[in-house]
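Below, each structure is written out as C-alpha cells.
The following pair of complexes shares a single chain, chain A, combined with chain B in the former and chain C in the latter.
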Partner chain A sequence: MCRTGDGPEPTEIADAAGTNAAFIALLEDSAEELYESAPCGYLSTLMDGTIAKINATLLNWLGLRREAVVGKARFADLLTVGGKLYHETHFAPLLRIQGELRGIALELKSADGRRLPVLVSSVVKYGGEDEPLLIRTTVFDAADRRAYEQELLRRRQEAERARAEAEQARGEADRARRQAEVERERLADALAVLQQSLVPSSLPVVPGLEAAVHYHTASPDRLGGDFYDLFPLGGGRWAFFLGDVCGKGPRAAALTSLTRYTLRAAALHSPEPAAVLTTLNTVLYEKHAAGGDPRFCTVIFGTIEPGTDHDRTTVRLASGGHPPSLVLRADGHADYLTTPGGLLVGVLPTAPFSTAETTLGAGDTLLLYTDGLTEARTGATRESLFGDDALRAFAADHAPSSASGVITALTGLLESFGDGLDDDTALLALGVPATHPTAHPATNQPR
Partner chain B sequence: MDIRGRNNVSVTGLADGPVVVLAHGFGCDQNMWRLVVPALAKQYRVVLFDYVGSGGSDLSAWSQERYSSLQGYAQDVVEVCDELQLEEAVFVGHSVSAIVGVLAARMAPTRIGALVMVAPSPRYIDDAGYRGGFSAQDIEELLDSLESNYLGWSSTMAPVIMGNPERPELGQELTNSFCATDPDIAQVFARTTFLSDSREDLKSVAVPTLVLECSQDVIAPREVGAYVHAAIPSSRLVTLEATGHCPQLSAPEATSEAILDFLASWR
Partner chain C sequence: MSPLNITHYDAATGPVLHVDGELDYEHAPALREQVERLVLNPGQNLVIDLAALAFCDSTGITVLLAAHQRAQAAGARMTLAAVPANTLRILRVVGLDQVFTILPDSSA
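Moving on, here comes the complex of A and B:
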C-alpha cells in the first residue's frame, strides 16, 4: 500500500484513543484507591497484633468504623473465640517462625454478630537488621469455598459413620457367629451323649463268637434312625437285634431309645424272638399309633445259643418287616435267611411274628443290615438301587468270611457308593471262627 | 523402643552443663523454642523433643488411649528423661506442657529438679469461682478450625518427613510443616489440652518453680497466672511485657533472660 496523504491512518487514531482511555482509567484508580476498594481485605498490624492500617473493604465487611479499630483492636480481636485459640496456638507462632503464612481458614466476627468465613495470608515485614517490623495481611471472602468444604467434610463424616456402622455390624455378625459355633459345639456334645444311648459304645466279647459292626449316620447331627445291640441273657445265651425306626433326627432318636430298651427288657423277661417283637409291637402301638401318631420300626431280633461242644451255634430269630439276614457259609455259599410273616412293628394293635432257626458252624457268618445298604443308589446317574441280588452276589464273592472280614468288605463297598449312600446304614455280623473257636474281641466298633 | 527417634529428641548446648528440657505445647513442635535456644545453650545442655503425634515424632507410636490424658504426655517426658539418664533437670514447659511438667515431676522426682511454666493454665474452661477464659462451645470452635486447616499436613507426605530426620529440607519444602499435624491426632491433643482440669495437681509441686506469664495473653490471662502462682507455694511469678501466648517467639530475649535469672538464683 502507498501513502496518499500526510494525516495518520484512521486505525492509528483509534489506537491512540484506546491507549488514552486506558491511561485515564489508570489515573482514576490510584494505588490508594486500589488499596481501599480492592475486592479483598487489607490489614497491617504491629508485631503484637495491634491494627495500624485497614482498608475500607474489610471495614465494610466487618461493619466497623476505622476509628474504632486502628490503634485500638488487635487482629485476633476480629476473630471468633475458636479462631482466637487457633491464632494463638498455630497462626502467630508459625508466622514468627517462618515469616509468612498462606491460606489459613478463619472466621471473622462482624459488628452485627455475623460470622464471615475468610482465607487469610500474612507476611512479616523486616527492618534493615532483620528485626520484624509489622505484619501485612490479606483477607479473602471464602463463604462459597467454606460451604463447599463443609459439604466435603460432611460427606467424609457420613462416609466415616457408614464405615463405622458397617464395622459394628460386622463385629456383631462375628459375635453372633462365634455364639452360634459355641451353641453348635454344645449341641454336638449333647448329641454325642444321646448317641451313646442309642447304640452301644462297644460290643461285648462273646465266647466262641466273633462280632463286628459298622454304623453310618447320614444326618449331620449324627442322630441316626438305625440301631443294634448285642447283650448277654445269662446261662451262656446272648441276644442281638438290628433295626431301623421311621424318620430321622431327634424324633427318630427318641423312638430308637424306646425300642432299644423295650427289646432289652422284653428279652430278659422272655427271650423267645417272636414274643419279644410282640411286646415291642404292643409298646410302640400303645405309645404312638393308638394316639393317632403312628411310629414304627423294622427290626430283626435273635438269640444265640452256643452248641455243647462249640461245633454248632444255634441262632433263633424273628423279623418285623425288616430285610432278611444273610448267612455266609464256610463252603462259600451266601443265602438269605427268610423269616416268615413279620409286619412293621408298631402299626397294628396285634401283629403276628414267628421265630425261625438256623445253625452256624465253624466259618459261618450271619449278617444283619438295614436298607441303607440295599437301597443305596448306584450307577452313573444314581438312579438304580444296589438291591438284594447284588448284595447276595457280593456276599457270595466274599464267602467264606469272618465277621470282621465281611464288615470290612461292606464298609469299603459303602464308601464306593459316595453320595449314593444317603440313608443311615447299620451292619452287624456274628460269626463262628473257622478254627480254634475262642473268644475274639469285637472289631470295627462305631465311632 | 528407640525413645530418641520416637520423640525426635535433639540435644544441643554446653555438653557437660546443667540440663534444661524444653517442651512444646499444643500447636506446633520443638521449633517453638528456636529463638531462645541460642541464649540457653551457652550455659546449659539443652534437650528438645516432640511429643508423640507432633512434629517429627514417630506417628506409629501414637495411640488415642494413651494421648487422651495428660498422663500419657507426662509419660513421654519421663521416658525421654530416663533415656538420657537426666538428674535434677530443669523442665521448661510451654502452655499445656507446663502442666505436663507438674505431672512428670511427680512421676519421676529425681529426674526433674525445677519447673519453668511458660503461659500455664490449669483449666481453660470457666468454672464456679474460677475464670479460665473459655466456654466448652469455644473449644468446639477451635476443633472446627483444626478441621479446616491442615497446615500442609498430608497423609502421603507425612511418612516422607517422618522417615528422613536427617533431611529436614524435605520437611521445609512444605509450607507450615512446623505446625502440621495429623488432623485426627490434633483433635485428640486439643481435647486433652482444653478439656483438662489440673488445678488439684498444682498442689503437688515440690520443686522450685518459675511461673512465666505474658502481660496480654488470650489463652492464659493474668488472673490464671496469679492462680497458678498462688497454688504453688514454692513458685515465683514473672510477668513479661509480651502480647500473645508464645513469649518465646514474640519476646525471646526477655523470655530467655527470665529463665536464666531463675536458673542462676536456684542453682
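Moving on, here comes the complex of A and C:
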C-alpha cells in the first residue's frame, strides 16, 4: 500500500503492529515442535540402524508408539520385506561408502499392514575423528507421486495394449486378405475350367479344309457368352457353329452349355441347318422365354462337305439373328453371305429359319465372327463402331487369305482396338487350301 | 447421376416410357423392373420411346423382348418409337424388326 502524503497514518501503524504479532505467533516457537510436527518424517539411528530418535509425524504414519520403536527397532524393521532387502543390499552399504543418499524410493509398513510409499534421504553424521556417529534420515510421503507413476505406467500399458490390438487387427486383416486372394484364385480357376467346357480345347483336323479360331475374353471374371464348335457328322460331312448368348457370367455360361450340346445333338439327328436351329429355338424357348424370362442366342450353324480335287466345297448354313458370315474369295474379293430371315434363337415359339448355300473353291475362306468385332469402338463414344463396311474392307484387303492367315490378321486388328474392344469376340475361319503353292515359296524369308 | 433415366406417363392408348441413357448390362435391369411394375390392360399399347437412347447391347435387347412378352401376356401390344439408327441396325441383324412394331418417331 502506498499513498502520496506525509506518511503512514496512525491507524496503519497500529495495523502493521497487529499483523506482525500474528505473524510471530504463527512462527514455530521451538525447534522441537518443528521436528515433531514437520510435514515429513525424521529419524536418527545408530550406525547399526537402531532407532535413537523419531518424530511424531513418522510415528503417526506408521501407527507406532515411540516406546515401541526407540532403542528397540532398527530402521530396516520399518520397511516392507522388499524394502528391507533393498536396504540391506544397496541402501546401507552405499550410505556407508558415500555418507549420504537422496530420494531413494522405499516402502514402509505400517502397524495395520498398509504399505506407505516414501522417498528416503539419509546423511551420516561424523565425529571429530571422522568416525561415523549416527544416521539422520528424512522420510517424504510419496503416495501421490507413486500414484502418478502408476498412472503413467498404466497409461503406457494401455498404449502398449492398444498397439498390440492394432497389430493383431492388422494381422487378421492380412490373413483375411490372403484368404480372399486364395478364394479369388480358386474361383478364377473354376471359371477358367468352365469356360474351357464352352468351347473345344482344339479343333479337329478336317481333310481338305483348314480351320483356325481365335477367342478373345473381355474379362477373366465374367464368363464369356461366345461359343463355337466344329465336329464330324460322318460321311465326309462336318458341322460348325459360332454364336453369342445374351448376357454374361454363370447364367450366360449355363445357356451356352445348353445351346452347344443341343446344337451337337440336333445336328447328329438331322443336319439340315434350318432344322437344327428350329430344334434349338424350341429348346431355348421352352426352357426360358415360355417362363417369362427370355434368354436367347444368335448363332450361325452350318455344314461343310469338302470337295475332291475337282469339286468345290459345299457349305450350307442358317443364321439365327447372327451377323452374316464373310467369304474371302481366291480372286481377292470379300463379300457377306446373306442368310435370309433368321431371328434370335429362343425368342418366339416358332421362328423362321432358312438354309442358304454357297460353294468354296480352292483358296476361298469362310469367316464367322461375333459382334464383339463389328461393335468394337474405334472412337471416343459408344457410337463410333468398327462396323460391317470396315470389316468387309479389311477382309478384301487381306483376300485371298488362308484360314490361319485371316485369323492372324484379325487378331492383330482386335489388339489394335485396345480398350475399344470391351466384349468377348470369337472368330472361326474355314478355308479350302489353294491348289498351288503361294506366291512366296517356303524358302523365302517370311515377311 | 445415373446414365439411365426412365420417365413414365399414361397416354390415352396406354403407358409410355421414355428411355434416356444406356441400356447395357449395368443399367438395363432398371427398365425391366419398371416394365414389370406397369399396369397393362387388354387392348392397350405400351410405347417405349427410345429417342434419347444412347446405347443398347444384348441385355438391352433382352429387356425389350421381356417387355414385348409382358405386353402380349396382358393382351396388349408394344411399340418401339424413335429407335436410333444404331439400335435399329442391331434389331434388323437379329431379326427383331420382324417381331417388334417400330415407329419412326415419338408421335405414338
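To be clear about the criterion, the second predicted complex is superposed on the first by the 308 of 447 C-alpha atoms of A that agree within 3 Å, B and C clash if a C-alpha of one lies under 4 Å from a C-alpha of the other, contacts with A are read in each partner's own complex, and residues count from 1 in each chain.
As a convention for this text, a residue touches a chain if its C-beta (ideal position, glycine included) is under 8 Å from a C-beta of that chain, and two chains touch if they have at least 3 such contacts.
Just so it is clear, the structure is predicted and the values come from calculations on it, not from any experiment.
By the document's definition of touching, of the two partners only chain C reaches A:Leu348; chain B does not. Applying the stated contact rule after C-alpha superposition, one finds that A:Leu94 touches chain B and leaves chain C untouched. Touch criterion not met for A:Pro39: it reaches neither chain B nor chain C. With both structures placed on the common chain, the touch criterion links A:Ile104 to chain B but leaves chain C unconnected.
In the superposition on chain A, A:Gly113 makes contact with neither chain B nor chain C.
In the superposition on chain A, A:Ala76 makes contact with chain B only, not with chain C. Looking at the shared chain after the overlay, A:Pro294 reaches chain C, while chain B stays out of its contact range. Looking at the shared chain after the overlay, A:Cys246 reaches chain C, while chain B stays out of its contact range.
The residues of chain B lying in touch with chain A in their complex are 25-28, 31-32, 34-35, 95, 134-135, 137-149, 151, 175-176, 178-179, 194, 216-219, 242-246, 249-250. In the complex of the two chains, the chain A residues touching chain B come out as 47-49, 74, 76, 80-86, 88-90, 92-94, 96-98, 101-102, 104-106, 146, 149, 153.
Residues 22, 25, 54-55, 57-59, 61-62, 65-66, 69-70, 73, 86, 93-96, 98-99 of chain C are the ones that touch chain A when the two sit in their complex. Within the complex, the chain A residues that touch chain C are 225, 244, 246-248, 289, 292-296, 298, 320-323, 341-344, 347-348, 351-352, 371, 375, 382-383, 385, 423.
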